[in-house]
Structure formats: C-alpha cells, structure tokens
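Going in written order, the chains are labelled A, B and C, and every chain counts its residues from 1.
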C-alpha cells in the first residue's frame, strides 16, 4: 500500500507541474484581448502576423521585425493608435481577423478580388513585382518561355497568381510549396525549371547565395503588379482611418524613408497610388 | 535406444544438470521422479534438444544429437514429446493439429494423414472432436489430442513432461490410461511425473533425480519399497 | 462560422477529388510497401546475428525518433534526386511513408510474434518441423491475428501522415486544402472539408479492418 501511495503522489505532482507549465505558457500569449486603452488614452490595436517572410516580417532572435512591422507602427501612430504585433501563424492570422479577435492582419498580404469577398483591405502600401528565378544558362528568357515549364511557387503568393493568370488556375505544371525556400530548393534539385516570386525575395536570395548560380529575370510586360494591403475584418471602421494615415505618409516622405531603410532602392510611389 | 553420457546443462551461472548418465533400452518405460527444481524436466528437454546442451553427449539410436552435423529435425521426427501445458495449436482444429506435421514434414498426403489422424483419435477416444478447436476441449481431452498429435509422426520414442500436472484430478485417469495403452504396445517412453501409481504399475525402471544428479535408479518395486539413499527415502516419505 | 462559403467548396470540389485519389494512392502504396519492408526489418531485429539486428535497430530508432516532416524533406531533396535525376514529390511521399511506417510495423510485427507462447514453437519443433515451417504454419497465423489492431492504428496514422506530403507539393488532399486557403484566405472551408474527407477515409479503413478481424477470430 505504501508503494502505491508514493506512486499516486508522484503522478499527481507530475500532472500538477505540467499543468502549471501549460498555464504559464498560455498566460504569456494572452490572445483573447483585442484592443485596449492605455494610460494616455490611446487605443492599442492587436496586430497579428505570420513572422516567416523576410524582409517584410520575420523573427530576429525572438523579436518580430521587418518592413511591415515598422510600417504598421508608423501608420497606426499617424492614425492615433498604438499597436501590439503578435506572431500567430499564417492560417490563424485570417481566423483571428475574420473572427475579430484581432484588429489588423499584416505580413505581405496581397490584395485580390477573391479575398475582398471576405475581408477589407487598406489601400496598397507596397508594390511588388514578380520576377523569375532560373539557373544560369537556362533557356527561359521571359514569362512566355514559362509555358509548359514546371514552375515552383510559394502557395498563395503573388508569384502563384501571376503564373495562374498567364497559364490557368491550378494547372498541373505549377508546384505550390509552403514557402519560398522550399520552392527554391526544388529548383536547385531540378524538380522545377523556374521559381516565380516577389522581386525582394528572389533578389535577396541571389545576393546571399551567389554559389547557387541562379539568376533573376524581370518581365514587366507579362506580370501584373501586385499590391500588399493591411487586412481588416469586413466593414471595419479602421479602414478609412488607416487609408488616410497611409496617404499622409506617402505624401510627407515618411513612407519613402522607411522603404529605403529596408530596401536598397526608392519606392515606385506613382505605381503604388494607381 | 537413448544413451545419455555425462550430460551437463547450465543456464548462465546456474547449474541445473551436473552429470547425468542414463540408458534407455527399446520398449522400456523409464519414469523420472524427483522434487521440483531437481532438473528432471530439463533432462527430458535435452533429449530432443529443446535445451542446448552445455556438456556431454546424447545419443539416440546411436546418433549423437549434440554433434553439429546432425540434422536435429530428422531426430525430432522420431522423438515425440508431450508437454505439461499441452501446447496445441489454437488456430487449428483437432484433426488439423494432428495432420500438420505429417503433411509438412513427412510429406504424407492430406488424405492419408487424415485417415491416420482419425485412427489415432479413435485410439485416444476423441473421434467426435475431430473438427473442434482446442479451446472447446477439457484439459484431459487436450492432452489426449496432444498425444495423438505426437503419435501421428510415428515416433520411436515418446517423451512425457509432467503430462498430468496441469490437469484437474478427475481428468488424470483418462490421460494415464492412454499412456498405459501405449506402454503395452511397446512404445519406448521416458516419463517425468508425480504419479507414483503410474510409475509402479507401468514403469520398467524409475530414476530419482535431485539437485541435478541421478540419485538412485532401480525397478519400481525396489525403489519404492526399499530405497537405498537417504534423499530418496525422505522424498518418498513426503509424497507417499 | 455563420458565413460558410459552400460555393467556394463547390469550386474546389474537383481538386479535392483529385487530391483524395492521390491521398488514397499514397496511403495504399505506403501501407503495402511499409508492411513488406516492416516485416523484413522486424525479422532482422529478431535475428541473433548482429549484422542483421543492429542495422534494424538503428533503422527503427531513426525513423521512429525523428520528425516525419524532416524525413520527407530529406527524402524529397536528398534521396530522390540522385535516383530520379530530379525531384519527384509523389515518389518522395511514397518512399517517406513506406520507410517511416516500416519502422513502426517492424515493432508491431516483433511484438506480435513475441507475444505467442514459447510452448507453441517448442511443440512445433518437437514434431520435427524446422524453424521456418514452425513460423509459417504455427507462429505467424496466430501472431497476425494479434497484429491487426495495432496495424490498423498504424495505417490510420499513415493516412493522416500522408498530408505532410503537401510540404513538398505532392498534389494530395491537404495540398489542395492549402491551395484553396491561399487563394481565398479562408481557413475553415478548405480545412474542415479536408478533415471530413480524411475522416471518411480512416473510418472506411477501420471498418474494413474490423471486418477482417472478426473474420479471422471466427475461423
């Protein structure tokens, strides 16, 4: 009997300890609160993101950083809000914005008509052009050469929609990966003839990995411009306030400063205002 | 028929058989008795190499089964064994249990094996159970089927390892009856048992083992009525 | 949950059908190859010869002890390309599922055989049957019956694990769920639909296995 009691006690204490761990872990994320007011009367908005898309939003030693993070703080400040950015993952981002447990979603989210059926987007805050990544010496010279070629993309990105608008939705030559890294690996291993992705992504990659002997092809005529927007729930009151704040930032040069801090070139402001 | 010379067996550091020398002549029934842990079951299992032998020799009809060149399977075909726990194959019917080895090992046709099997079932009084599964049989019936299964290989020697120890008392008789019948027909048998009545009635010789050694061997009447060794006396006084 | 867009599901219906077909194909291939391979590995592990048993032990340790996601990535990018001269997501998925499940099946197989009473082997050997015959006619038929419930469990895990093939863009069921999610940024329509289909698949398999089990036990 004594041995039995000891066993029960051990099991109970293990259970209690693990429960405490779980509670502590949950307590730190505290997802349930949406917007809240702080002492100087400013409302703090809950911004959710998927911190896995450098340089827009990613984790740097546990901190969420990136162009989008600084941009959303700046534009929110302009609109009179504080923000708290949280990494929740890609799918949960949409669940939270749609379910209004978060005020804003951000993270290189492309505006398109299909998504507008469910969400509101701010005016465009980033112009993205797709480019083609191919091995050096590839016969592919432009987007028209991609016909009947196997193209790897990151699922749900502008690169995917660019190819689909050219060669049909969900065609079998299109391989959709969970992220751009996997798509580029597929290219390197010969499983795809080209990768189509945001210019920032492919140029960054080629710059950082010269040994891979990959090169970038731009094709302005073939690829439509893609715009990133701030994601709101349908009929969110925040949309107008943020649109005005964004317009102000574009006009007073604050946006351009931020852009140049993160990217090596100047923004195409005219293209953005279209 | 069976010649055991200087047989030694140990499990790791634990010595079970120290030095066993036994001869069994054709048609002889040898009964092995002794306290539990004396090594009598191990001794029996060494005779058909269910235990690997540590030292010494076992010859069956002049063939040294400890020799690596000996095909142990062909030796076992001639040496039947009946276990305390019956070890019938539960996924096969009674008749299939009996037919399996003859058809697979002796390559007897299924038809012949069945005929022979039915004959053996008749001998052990279980013809009506031919198509039953072992689970539906009583312990005594199971053991009679197990005996029939061994006999189906027409062995020259039968080994019995405490064949009645797992049985309810009222079923012991039916199994012993079959064994007596076998002995009468001239089967060479080595029987490990606690049934002293059987030993007296059927045994040609009785071997008393204790502590890994053969302490005493004699014809039953002599051994039971006039034991020479102290250990034999004390064992017999406890069980009789 | 109020605004569930059935129209979007209808649009993606044909893709889910295609994906389901591939998921079934991957699962069947994984189950068959994994079972055969698992039996061999299980036998290898039970051998007294160290040259067989040690590699089998390592194999099982590796495939049970590392995340399946990493295995499928490794196989897709490092194992398949040298063989096929390029990547092949379907081949990678089949190989990964087979190799991974083989490790579990090997253990199920070993446990099944070792659960059979020693007396069965002894009785069989004492009748003159050799080790192989004893295995085939006495031990395995009994062990197989005991292996069916854990095998069924393993097969269900395998069906669900096949969804990780989406990671390397094998166009199976989960892949199309993710594609639909990426297009509309809606989460519940694709994933609940996909989950429902997986449930149907696993329930069907459970049903088949329970039929098989009851048939074997009445025999």
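Convention: a residue touches a chain if its C-beta (ideal position, glycine included) is under 8 Å from a C-beta of that chain, and two chains touch if they have at least 3 such contacts.
Note that the coordinates shown come from a computational prediction; the quantities given were computed from them, not determined experimentally.
Peer 1: What's the contact topology between the chains, one of line, ring, star, complete, other?
Peer 2: line
Peer 1: Please flag the chain sitting at the greatest distance from chain A, going by CA centroids.
Peer 2: B
Peer 1: What whole-Å value do you get for the distance between chain B and chain C if each is reduced to the mean of its CA atoms?
Peer 2: Result: the chain centres lie 46 Å from each other.
Peer 1: When the C-alpha atoms of chain A and chain C are each averaged to a single point, how far apart are the two points in Å?
Peer 2: 34
Peer 1: Averaging only over C-alpha atoms, locate the centres of chain A and chain B and give their separation in whole Å.
Peer 2: That pair's centroid distance is 79 Å.
Peer 1: So which stretches of chain C touch two or more other chains?
Peer 2: Residues of chain C touching two or more partner chains: there are none.
Peer 1: Inside the complex, what are the residues of chain B that reach chain C?
Peer 2: 48, 50, 73-74, 76-77, 79-81, 83, 85, 87-91, 100-101, 104-106, 146, 149-150, 153
Peer 1: Hey, which residues of chain C end up touching chain B in the complex?
Peer 2: 117, 119-120, 122-130, 133, 137-138, 141-142, 145, 219
Peer 1: Could you pull out which chain A residues touch chain C in their complex?
Peer 2: Touching chain C: residues 91-92, 94-95, 98, 109, 114-115, 117-119, 152, 155-157, 160, 170, 172, 175-178, 182, 185-186, 189-192, 231 of chain A.
Peer 1: Which bits of chain C are touching chain A when the two form their complex?
Peer 2: My answer: residues 5, 15, 77, 81, 85-89, 166-169, 171, 175, 178-179, 181-188, 191.
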